[in-house]
Amino acid sequence: MSIVVSSARTGCSASPQARKEGTGDAHPVPLLCLFAGAVLWLFVALTLGLIDSLKFHNPEFLAGEPYLSYGRVHAAQNTALLYGFGVPVALGLGLWLLCRLGRAALAAPWVVLLGALFWNFALAAGVAAVLCGGRSGYEGFEFPAWCAPLLFVAYILIGVCAFVTFDRRREEKLYPSQWFVIGALFWFPWIFSTAGLLLLAAPARGVLQALIACWCAHNLSGVFLGFAGLASSFYFIPKILGRPLHSHYLAALAFWTIALFGSCGGVPNGAPVPAWIVSLSVVGTGLTIVPLLAVATNFYLTVRRDLEVLDADPTLRFTYVGLMFWLIAGAQQIAGALPGVSAITDFTWFGAARSGLFHNGFFGLTVFGALYYILPRLLGLGPAAWRPGLLKAHFFLAFLGVLITYVSLVSAGVGQGILLSDARNSFADVMRRTMLPLRVSTLGELMILVGTVLFLLNFARILILACRRCRAEAKERA
Amino acid sequence: MNRGPLLFLGLFATMACSWLGFVLGPQLQLGGLTQTNTVVLGDALSQSYPVPEPGDARQGAEVYRANGCAFCHTEMVRPRSLGSDIVQSWGARRSLAEDYLFDQPVMLGSQRIGPDLANVGLRSDTNGILLRLYDPRRIIRGSLMPSYRFLFETRKIGFFPSPDALVLPPPDRPPPGCEVVPRPAARALAAYLMSLRQNGYLFEAPPPGQKTNAVPAVKTAAAK
Amino acid sequence: MNSDPPDKPVNQNGAEPAAGFSTVPIWLVVVFGGAFYWGTLFLSDHAGGFNKDVYEPYQSYEEVLAANPQDPTAKLQAEGRRVFELTCAACHQLSGTGQEGKAPPLAGSEWVLAPGGDRIARVVLNGLTGPISVKGQEWNLAMPPWRDNFSDEQVAAVLTYIRSHFDNKAGPIQPELVKAARAEKHPGPETSAELLRIPVQ
C-alpha cells in the first residue's frame, strides 16, 4: 500500500494510454486499494477453503483449537469470498467501467479510498470475530451484528461516489455494461439493509429468518455478483475483439429478466414454508432460462466470426471461459430447482459444486480477466507488463482447478443423493462411499489457490515496475 | 434505455416485486404465527406446541451457532414427495413453519455432510451425544465429523469421581487418575440437541393412515 | 432479423464498445412465452392458492382439511349447530344466554351440564311446562315438544352442541340415549318435579 501512495505523491498521473484514448480518468489509488484488497481477501478465502477441504481427508486436522474448527473456518471463508473479494472487486470494476464508458472522472476519489479502507478494516474485524465464535448464524451473512452497519457505511461512501460519477457522464447513450453496474450498485443496499434489519437488528419471527437469509444470499450471488461479472463480459469481449455487441435488445432482455426472475429463487423444495413461496422460487429459477439463452445468443453472434482470436488475448480468454461457466452454473441451478431433481440433489454436494463454479469459475475468472486488462492501465504501464509465463500458468491452474472441483463435487453430490433415496443405505454408509470424489476436489481447490498466488506475484511485479517507472520519470523531470 | 431515472424506476420495480414475494408477503402470512394447542405424538394430553427452549438449551443453541454446526447438519425434514428424509427416519412428518416459532436464529442449514438433526432429541440420549462430540469416529466408523474435544476437560479426579465424567472406551480413556468431564458448553449443546424434536401434530401436515375428513368417492354406475 | 454487422471491425483500437441493434430472435420470444406458460401452470398446481396453511404435497386448503384426522364429534357438532341456530336460538338466543320472558339460559345451566343428559333429552323431546329453577332463578314458561320435528340424531347433535359451547364443557350425547328416551312415550310436556325424579348418571 505504501508503494502505491508514494507513487501518487511523486505525481504519477493517469496512464498515457488513457490520455491517448481520451476516456475517463479513473484515479488509480482507490481502485488499486479495492482490487489489491479484494485479491488478498480471495487468497485468504481460498486458504481457509483449502483447510476445510483437507479436513475431509483427516477430520482431526487442526481440530484441537476452536478457532480452526470446520464450522468457523467455513463461515470465515464464505465471508471472505463474498464480502472480501466479491463486493470490493465488483465495486472497483463498476467504478472503472462507469468512468470509462461515461468518459467522466471518478468523483471524490479520496472518499472512495476511505470507503475501501474502512470496508477492509471492518470486514477483517468481522472475520476475526467469526473465527472467535461470534458468527450471526445466518449463512451468507455471517458477521456479527456490530459489523453490518460499519460495512454499510463503507459501501454508501463508495456507492454515492459511483452514482455521482454516473451522473456526471459526458456520453449520453448508455452501454449495457452501465445498466449492469448501476443495477448491481442499486441492488446491494436493499439486500444488505433487509438482512441487517430483519436478521440482526429486529429479527423476524421463526422460519422467516431463514427465508430472508436465503433470499439475501441468493440475490447477493446471483444478481449482484452476476451483474458485476456480466458488466465486465459485456464490456471486454466486444471491446477487445473490435466488434460491436450483437444486440442491444438481447442485452436488455437479459438484464431485466435476471433482475426479475433471478432475484426470485433460492428456496429449497421441501423447505418449511408454505407451498406458494417454494413454487415462486421454482418458477423464478426456471424462468432464468431466458437470460441464459439471451446472453449466450448475444455473445455467440458477437464472436462467431472471430472464434480463433478468443484465445489470443488473456482477458478475452478468462472472460469467455468465465461466461461459459456462468451458463453451466445457471443451467444446473434450473435443473436443481425442479422438484423431481431436487428431491435427490438438495442438501448434497451438488449445490456446493454449483456455488463453487459460480464464484470461482464465473466470477473469479471474469474478474481476473478484467484485472489483467485494468491494472496495467491504472499503473500507467502497457499490457505487455504482465509476465506471460505466470499469466498462462494462472489461467490453466484456475481453469483446470475449477473444472476438477466442479466435476468431482457434482459426482459426489449426485451419488450421495441417489444412494440416500434408498432406505437401506444409512447416512454413514453413503458418506463413506462418496468420499473419493470429495477428496479429489481438494486438488482442484489447491490448484485455484496456487493460480491466485501466481497472480499476486505477477501483480507485485507490475507494482514494482510501475514504481520504478514513476521514480525514473520523477528523476527526469527533476 | 438511456435515461438514468427510467433505469432506476425499472430496477426499483423489479426489486420491489421480489421483495414483496419473499420478504413482505411471507411476513404478512407467517409473522403472526402463535403456539397451538395440540397433541404431541406419544402423549394423549393436549398441550402447547411448540415450547420455547429451556435455559440450557438456549445456551446450547448459541454453541451450535458459534461453531457453525449448520454447515454440515440441516434441521428440516422434507415431505415424502420431495425427498428421502422420512425414508431415512429423520422425522415422522415434514417440518413446518410453526416448528421454528421460538428459534433464534433459525439454523436450517443448506447441506448435509452429517445427518439431519430436526428430531435428534427423539432418537438420541445425552450421553450418546456427548460421546459423539468427544470422539465421533468411535461411534460411526469413517465419520467426517471433527471431534470437539475443546468442549471437554481432562482433569485429575478429586475426592470422588465426577458424576458427569464420560465413560470412554479403552483407546480414548484418559491417563489413570484423570477423568474427562464435559464443560458447560458441551452440556448446553447436548441439552439443545435433546430439545430438537418436531413431534407435535399440526394441521398442515396430517399423519397418514388415519380416518380423515375426506368425502368418500361416489360409486359410478357400472357400464352395461 | 437485421442484416449481419459489417465484416470490418467497427471500433478502432482504443474506442469503447458499441451495441448493435439486431432484434431479439423469434425463437427466444417463443421460449420466453413457453417458459412463462409453464410457470403459470406450475403456480396453479403447486402454489396451493397462496394459502399459508397449504404445504407441499397438498395443492389446496380443501385437500389439507380432507386429509386431517376426523374429530369423532365433528359431524354431530356441525349438525347440532345448524339445528340450534335455526330453531332453538329464537328463544334461547344465539349466545345461549336466554331471555326474560322467552327462555332460560343454557350457558352454565346445571340441567345442561348434568352428566348423562337423560333429563335434557326428555325436555327437548317432550317439552317443558310449570316452574323450574335454573341457575338459582325461577322460570315459568312453556317449551313446545320437538319429538315430531327432529330425529334422534338431530336431537343428540343439538344436545352435544349446547353442552360444548357457550363455555359449557360437557361430553357429547349419543343418539341411542335419545332413542331410549323417545321410547318411553311420555304423554305431554315434562315438569320440573318429574325431571328431578330421573336419576343423573
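When the chains are written out, they are named A, B and C in that same order, and each has its own residue count from 1.
Note that a contact is a pair of C-beta atoms (placed from the backbone, for glycine too) under 8 Å apart; a residue touches a chain by one contact, two chains touch by 3 or more.
This one's a predicted model, so the numbers in the text were calculated from it and none came from an experiment.
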Quiz item: Using C-alpha centroids, which chain lies at the maximum separation from chain A?
Solution: C
Quiz prompt | Per-chain Cα centre nearest the global Cα centre, belonging to chain | solution = B
Quiz item: Once you find the CA centre of chain B and the CA centre of chain C, what distance in Å lies between them?
Solution: 34
Self-check item: Intercentroid distance (Cα basis), chain C paired with chain A, Å
Solution: 54
Self-check item: chain A-chain B separation of Cα centroids, rounded to whole Å
Solution: 32
Quiz prompt | Residues within chain C bordering two or more other chains | solution = 52-56, 58
Exercise. Mind pulling the residue numbers of chain A that touch at least two other chains?
Key: 269-270, 272-274, 280, 339
Practice problem: Quick one: which residues in chain B touch 2 or more of the other chains? | Solution: 29-30, 79, 81-82, 94, 96
Self-check item: chain B residues touching chain A - in the complex, by the definition given at the top
Solution: 1-2, 4, 7-8, 10-12, 14-15, 17-19, 21-23, 25-27, 29-31, 33, 65-72, 74, 76, 78-79, 81-85, 87-89, 94-115, 136-137, 140-150
Quiz prompt | Residues of chain A touching chain B in the complex | solution = 55-56, 59-60, 63-66, 69-72, 74-75, 133-139, 166-167, 172-174, 179, 182-183, 186-187, 190, 194, 198-199, 203-212, 215, 219, 252, 256, 259-260, 263-264, 267-274, 277, 280-281, 284, 339, 342-343, 346-349, 351-352, 420-423, 427-428, 431-432, 435
Quiz prompt | In the complex with chain C, residue positions of chain B that touch it | solution = 29-30, 79-82, 94, 96, 203-207, 210-215
Self-check item: Touching residues (chain side chain A, partner chain C) in the complex
Solution: 17, 20-23, 100-101, 175-176, 234-235, 238-239, 241-251, 253, 257, 269-270, 272-276, 278-280, 282-283, 286-287, 289-290, 293-294, 297, 301, 305, 339
Exercise. Using the touch rule from the top, collect the residues of chain C that touch chain A in their complex.
Key: 5, 7, 9-25, 28, 31-32, 35-36, 38-39, 42-43, 46-56, 58-59
